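Two complexes, one shared chain (subunit A), two partners (subunit B, subunit C).
Let's look at the complex of A and B:
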């Protein structure tokens, strides 16, 4: 019999699995990581003994709740960790586990593939010692390592302050927080943010804590360049007062998150431009149904909403799936979940305003800046192709290899789109969408195939 | 209303070459492309620039193309990563090696200069080829190029020589009023011309059928993949007698491999399919052991037109004067494409192609009923 499959064991995937199990449906849960939890509640290796409060701070209760859920379920459902889904076609998922390729036919699938940092490159970002904010956080949560001894945290988004707080709390020296969004934007965003007062309070707490502990926080501060020979030695940044230089040995930066949508694309889901995320996202209804009857979407992989929303969306998508295959579901639960999701969505609107996308990034980025590190494509290479008359992103890719390397545009795609749009004087929504191609992540030669 | 000498439907390498040579000959040309020039088969194929292995009837055209490829930078302004690395056709059995020997004998006189290598010679000259091979045939002046760059550059150069190039411009209606063709497009253009060139690749059958000469064409979707950059090892483009995997390594180190068939997503898009991809990943390490443990980072496919005899249709329509066909290249149009554009140009400018095209006449299908 074909399986009900969940891809991704983060907050959305785990709540999906729990909801299905509660109704007597036993799903297959596929996850790339060794232990469930996803990124924001990423678990340390089994023999590490740090407490949840130490690892997750305010979120310790939520993280532990999620981890306990997967621990309780893992013996009952068909849980397959360390399994990459590298392709989807024809009602089946193609997986890779310990060097073995296999197919898994599904009757229904919930796609909960999560997100990665949105990277807007600056000069020097490929130097050793430069990390994304998410990666800096994972180093800390997973392995108990800091990315350096004197760390500058830059960019924008809620993760910026959270990582700064976590690093300082763990004993690392945060030399500065450079937030590219101006204070005025954050003041204007306040009404939207008040829809989730508890979350807002945490954000304010992190910031006040940083200030109280003498960590410099600069708003309206743009990271200009990372300097260093063998590795990071300093950063240059600017604000209304002028240009500044700051010594450090590590940098973490990002401008919010971007959804991992490749599997939804390979599964045939229709996409629409989402101005809030500034990205093409697979379309879904309030319950998480995609444009393809058997495919459901939940969590940050279908639009950035954060971990709380992911848990709810995971449950909601599972309820929709159950309903669609003829199960009775609790009559009030879908409405209540959708109302909560709506409130979070208002808050997200506020957040996007508070941590505004740096519209000037594309025009101010020098030709010499590496945009695609896999293929070493410079901003100037992209602009040259655009000046030759190309503006559709897949055509620009064909001409200068942007997005053609190991990461398949997962890291550079958003930045490339901004540069193409700026250079061709088109809105970023009108340069097309980078088409996903299998494999989602590299696939080795000589792999074994399960019969 | 746009009045030109020739309307070309299809901005692949064949249509764009015709546009380029016609423009250089002073003809007014409009090139119509539904998508972007060189974005389908011409731009996403394996990139083999090979004469070896073609049916003998194609070799005169292919040899002409070989000369054009030799002047590529003068022709389209870029080198297109074209290199005459040689093309190595591998035999997996003695039977296959005999087939290669037979081809070497029968293709003598066409200028391929084939060199037959037994197992020992193959090992000595191309030590990176796996033990499973019984021998090979080497064509020293064949090679490979980057189709993503070369095919669009033909259209771009045609534009520089005065051709009108209309992209994202699907043709909605074609008729002949007794004197000339009238072509309408989705974008609202209306073009008139005494000549119409059907270079629409896998989609050319529709137009042929409209003029009463349907052909039994079907679409094929080659499975292709590329590795991360690897140390330079392969100093020739390769194929296997009887079909199978083909592979080359580009100057920056990536290995491009193809083999097997994918599937269509819709009329215009295709994917390689997991089955073909896994087969390539499994089989390639036998033929090219150095690939063991390397990573494939991307796969893709395209949409190619195939006729039952795997030969193209090139030349006059038998029902409509002024209509020229050039399609159905069965996945092997990239190398020969520029010469086809040149031959079509000669038909228009001087009444006949210098290279005989009789073998490619559309009339060969007239007795076949098309389902």
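Let's look at the complex of A and C:
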């Protein structure tokens, strides 16, 4: 019999698995990481000793709950860690585990692929010592390391303040927090944010804590450039008061998150432009059903809503799946989950206003800035192709290879879309969607194929 | 010099490896990325400018932390755990 498969063992995938198991359906749970938990609740290696409170702060209870769930389930379900899903087509997934390729047919699949940082490049961002905000957090949680001795944290989004707080608390020296969104935007966003008072309170707590501990926090502050020869030596930034320079040896930056949608794309899901995420997203109904009958979507991989929502969406999608294959599900539960998800969605709207997308990034980015770090395609290279008359992102990709490197546009895709839109004077929603290609991550030579 | 700075979990057993042929040492539970960047300043050279790179996303997405092992395999340093005796070499990259 073909399996019910879940891709991704983060908050959404783990709750999906738990819900299916509770109804007697034993899924295959595929995860690229060695230990389940996903990114925000990334687990440290087994021989590390820090407590959950030390690692996850206010979220310790949620993180531990999720980890305990996967630990309790792992012997019962078909859990396959360190397994990359690199292709999906015709009702089957192509996987890679320890150098061996295999094909797994599925009857139904829940796609819970998560997200990565959304990156808007600046000059010097390829220097050693520059990382994404998510990377800075992983270095600390997963490896007990800071990304440098004197760290500048830049960009925008809730992760900016969380990472700053976690770094300072762990004893790292945070030389400045440079938030590109202005204070006025955050004040305007308050009514929307009040829909999740506890989450709002945490955000305010992090910021007050930083100020109380003498860490400079600047709002309306744009990172302009990272200077250095072989590694980071300083950053230049600007605000209403002018241009500034700050010595540091490490920088982390990002503007929120972007969904990992490649597998949903290869599975044939319909996509729609989502203004809130400023991205094309696979369409899902309130329950997590995609446009393809066998495919369900849950968590940040189908639109950024955060870890709490991912847990709920994972359970909701599993309930939808169960219902679709004829199982009886608790009649009240779907409504209750959907109502909670709706509340988080209102909060998410508020967050987007508070940490507004820097609309001027594309027009203010110099031609010399590297946009694609894989193949060093410059902003000017993209603009040249647009000036030749191309504006559809896949055509632009064909001409200058933006989005064609090893990362397949994960790091540069959002930025490239902004530059194409700006240069062609079209809305970013009307320049097309970067198509996913298999293999979605590089495969090694000498792959063994399982019979 | 180093890029990464250890803040916690320092009391783990040492794990010996070689970096470009020179003896080096990390800690049990380090990724290759952590082991290399706590004792040096880069992981690879860019394929298009040979400029130094030290990874970026640490979550297996950016593909900018590949290193080569003694057995010929190329692996992502951010998601591969250090093992004793590994011979890690950094590719110098290329210029156009």
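Definition applied: the second predicted complex is superposed on the first by the 451 of 451 C-alpha atoms of A that agree within 3 Å, B and C clash if a C-alpha of one lies under 4 Å from a C-alpha of the other, contacts with A are read in each partner's own complex, and residues count from 1 in each chain.
Quick note on the criterion: a contact is a pair of C-beta atoms (placed from the backbone, for glycine too) under 8 Å apart; a residue touches a chain by one contact, two chains touch by 3 or more.
Note that the coordinates shown come from a computational prediction; the quantities given were computed from them, not determined experimentally.
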Clash or fit: subunit B against subunit C, after overlaying the two structures on subunit A? fit
By the touch definition at the top of the document, which applies to A:442: first (subunit B), second (subunit C), both, or neither? both
With the two complexes superposed on chain A, say which partner A:406 touches: subunit B (first), subunit C (second), both, or neither. both
Which partner does A:129 contact after superposing on A: first (subunit B), second (subunit C), both, neither? second
Subunit A-centred angle between subunit C and subunit B, computed on Cα centres after superposition, in steps of 10 °: 80
Look at A:33 in the shared chain and tell me whether it touches subunit B only, subunit C only, both, or neither; answer first, second, both or neither. second
As a test of reading the superposition: which chain, subunit B or subunit C, is in touch with more residues of subunit A? C
Of the partners subunit B and subunit C, which touch A:338 in the superposed model: first, second, both, neither? neither
A:103 in the overlay: touching subunit B, subunit C, both, or neither? Say first, second, both or neither. first
For A:392, using the defined touch cut-off, is the partner it touches subunit B, subunit C, both, or neither? Pick first, second, both or neither. first
After superposing the two complexes on chain A, what is the shortest C-alpha distance between subunit B and subunit C, in Å? 6
Across the two complexes, find the residues of subunit A that touch subunit B and also touch subunit C. 405-406, 442, 444
Touch list for subunit A against partner subunit B, complex: 87, 89-90, 94, 101, 103, 268, 388-389, 392, 394-395, 398-399, 404-406, 408, 437-439, 442-447, 449
Hey, which residues of subunit A end up touching subunit C in the complex? 32-34, 39, 44-50, 54, 116-117, 126-132, 134-135, 138-140, 142-149, 170-172, 230-231, 250, 260, 373-376, 405-407, 410-411, 441-442, 444
Considering only the defined contacts, which subunit B positions touch subunit A in the complex? 36, 39, 43, 148-149, 152, 156, 227-228, 263, 265, 271-274, 277-278, 281-282, 284-285, 291-300
Subunit A partner contacts - residues on subunit C that touch it in the complex: 3-10, 12, 28-31, 34, 37-38, 41-42, 46-49, 51-64, 73-74, 79, 81
